[in-house]
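A, B and C are the chain letters, set down in written order, and residue numbers restart from 1 in every chain.
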Amino acid sequence: MELLALLNLDGLSLGMSRLSMYPYFDSAHYIVSVMALKEQPGAVEVARRSPFACWFSAMLYCFGGAILSGLLLAEPALACFSNTSNVLLASVIWYLVFYSPQDLVYKCASFLPVRLVLTGMKEMTRTWKVLGGVTQAGKQYKEGWLVMIAVGWAKGAGGGLISNFEQLVRGIWRPETNELLNMSYPTKVTLLGAVLFTLQQSQYLPVAKHNLMFIYTIFIVVNKVRMMLTRSTASPFAPLEAFLYQLLFASQPEETKTRADAQVPVRSPSRDTCSAPKKDVVASVISRNGSAVPETNGNISCVPEANGNGAAVLEKSDKDTAVSKNQSNKKCD
Amino acid sequence: MELLALLNLDGLSLGMSRLSMYPYFDSAHYIVSVMALKEQPGAVEVARRSPFACWFSAMLYCFGGAILSGLLLAEPALACFSNTSNVLLASVIWYLVFYSPQDLVYKCASFLPVRLVLTGMKEMTRTWKVLGGVTQAGKQYKEGWLVMIAVGWAKGAGGGLISNFEQLVRGIWRPETNELLNMSYPTKVTLLGAVLFTLQQSQYLPVAKHNLMFIYTIFIVVNKVRMMLTRSTASPFAPLEAFLYQLLFASQPEETKTRADAQVPVRSPSRDTCSAPKKDVVASVISRNGSAVPETNGNISCVPEANGNGAAVLEKSDKDTAVSKNQSNKKCD
Amino acid sequence: MELLALLNLDGLSLGMSRLSMYPYFDSAHYIVSVMALKEQPGAVEVARRSPFACWFSAMLYCFGGAILSGLLLAEPALACFSNTSNVLLASVIWYLVFYSPQDLVYKCASFLPVRLVLTGMKEMTRTWKVLGGVTQAGKQYKEGWLVMIAVGWAKGAGGGLISNFEQLVRGIWRPETNELLNMSYPTKVTLLGAVLFTLQQSQYLPVAKHNLMFIYTIFIVVNKVRMMLTRSTASPFAPLEAFLYQLLFASQPEETKTRADAQVPVRSPSRDTCSAPKKDVVASVISRNGSAVPETNGNISCVPEANGNGAAVLEKSDKDTAVSKNQSNKKCD
């Protein structure tokens, strides 16, 4: 019985590893990505005023991973655009999501059961992209496991990693935050996948490739669906991150003075927005967000939303934090 | 008679297609580009304080297309700088335009008849660059017509496309606008050329290459000269753009609410400068500019100049719009 | 006697040219770089809140040159990360400098004699990097001496040249200044080295390679140590720069009007921070700095620290200037 179950599972994972992403899973990825773009503040305005810039942003959302990994490996960033059928498909989806009469396509795709299915399918494409990036890097750099992790990560989460520059296309510039300072859940889970697949490719993880693909895919799909159903932003990695942070990084005293800090008694809030926020900002963020992920303590890559326009924006930064946390569930990656 | 006329024209276009751009047409391109740089607000100050940064900016203006297309095709961005004679020529021109005693060179080149001739010659180099980019991409991606368009466009209008980063070299950062959000005439006409040459290379346009070069060159030279003589910023594409916009993109309702819009009742003017400007800004821009291109209605890639520093800058943004529209005639591309 | 002395020196320079940078000199480079990062305002906060972003910044400080030269030559920017032992070494050093209990490692390395030795060893690696870059470019572009200079410069001073983007990783964005507008001493001395090694490689400088390496290394080590011991920011190039500036660039009148200047009577301080500072700012900077390098006059690449937040920040900009000048001695490059 158990052997049958194992054989069935093995067969299932083998079968899944041979699935082709085109056209259904890729379409789901494009639909969810473009919807995430549409839900960014100001995106609809950009679509109204400059359809070309809106289309360009959508292409960055859809193909950001391929572009970023191409740049890192010195391969043509435009190579993904030579696959005309994929680009046409993404463009048609973009047009329908942004410009269909009465927003019909967007409203249908927002219907919760539909969105769940599309999101699940999109998450499956993540596995393929991460594995593709790790494999591609592994061919050029056999022992370069850092490069393999970086390329797998870039290919799977590139759209989020280049978010500052994608926003620049839409005329938005938010330098005080980025995916490294304030890593969203999709970026973290992609990094985890890149590490796992690199270990597997380098023979450090004694798991067959198709089994790892299966387990990883199930994990990310189930988590994503759970977070959407419970409307929760609580990352499943939070306990592990808190533990690692306490173990490795918590010996740093609260106010370490270096020579620069001694010479600059008044830190300009408009420049260095990574300075320690006043305690009341942290407290108010925690109290308003309630069950939100703790802003700094124990989180290896979290920074409270500090606005570069000064202390008078205390209220707005809380709103920003709440809004951006809700949006991170719907972010493109 | 007609046959003779045709043969003459054919001979003329063949002869033109065999012209060498170096050194006269390239020189004209460098002179007009450096003059356009000099006319940017603050450029003379940068020249006075940091000649090196000024020279670097000038090289981006002169070779921006080659650099950008190199980056897109993963070819060395510095390859154009290996052509030492071109770089020396551009550097000498830069020096003369910025530092000649009593600004003699700049004043001579600003003399209208001289400037018309130089601008006409510069526009001719645009044809060669676009065609060069399309051909280069076509060798690597035979069916990749999107790549061909992108590379042809980048090579012909790269200086404008990377303008945000060229301004950064001079210490200026204007994220609220870029060439995709607010496409200038040179960028639009280059995109048109890239599309035409791609169609011709892919055998969809039944025109001989040298004839297309001739027609396109005459079109862009005549338009540019007309716009300079009439001091008009009215784009010849405006009616076509308005028609396409109404046909394809006008079904979008004025205030589409997405989940993000519902959560963010007050949109920060300092971040999202692509939001709908208040009606009075639009009205005052139109009334002060008089015959300026309509700001948004029907324009596929236009965004009114909105300044990220808040409503108090209403007057300045009108001036900016007026100034930048006048300057777009003299922009480097 | 003289022949013996010459032979000894020749032997010494030959011996030095054959030194391996790994692991001691590379370690010194990593230690000094990471310490320079730690001394940047806000870096300790970033280390506390987002160790990942801090690590990424440290890698940009340590390997910025290799990354930038890779991007310029269209070689994989990640290639330097395939050398796992170097990256591991740099990461361990980063961890010890930022997170050792009681800041022990940082305090030990800050002890002046230790810091002098480490800085001297780091300066030696500069020679190897510049020469490596010049040689690498020389293989692809035999006559492209501009490319050779650019790649040698990028490889030796890349960390400083990409400083705007490294700061962006930490959530800081300071567009009003960059290494081209306001070249620091390490960047200048690296440019000099790139020029010398290019001339030597192109046979224009009749000096043996190992002798030039020796002379250049002695020059930069001695200067750096002198500047650290005297706490001086006075660049040894200042007289030469002043002379060249007067000779080549001083004919530019104080207030050159171009068409753009005529149309923009009030220059927005928030955009163009390269405009002429008011005379009182210049005067107060000079009087407070005393013996500081003159801010503009005669300096080919210097711009006074002008803050983009308006005249009310007059005091802070002076502090900034003083702080940044002190920090330039400790900057990573």
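The criterion applied here is as follows: contacts are C-beta pairs under 8 Å (C-beta built on N, C-alpha and C of every residue); 3 or more make two chains touch, one makes a residue touch a chain.
Not measured: the values here are computed from a predicted model.
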Give me the C-alpha superposition rotation for chain A onto chain C, in degrees, nearest 5. 120
Interface check for copies chain A and chain B. Shared numbers divided by all numbers used: above half gives same, below half gives different; which is it? different
Compute the distance, rounded to whole Å, between the mean C-alpha positions of chain A and chain B. 34
If a residue has to touch 2 or more other chains to count, which residues of chain B qualify? 74, 173
Name, in rising order, each residue of chain A that touches chain C in their complex. 71-74, 137, 140-141, 143-147, 150-151, 164, 173, 175-178, 180-183, 245, 248-249, 251-254, 256, 258-261, 263-264, 266-268, 270-276, 296, 299-304
Show which residues of chain B lie in contact with chain C when the two form their complex. 38-53, 56, 70, 74-79, 81-82, 84, 87, 95, 98-101, 103, 106, 168-174, 309, 316, 319, 322-323, 326-327, 330
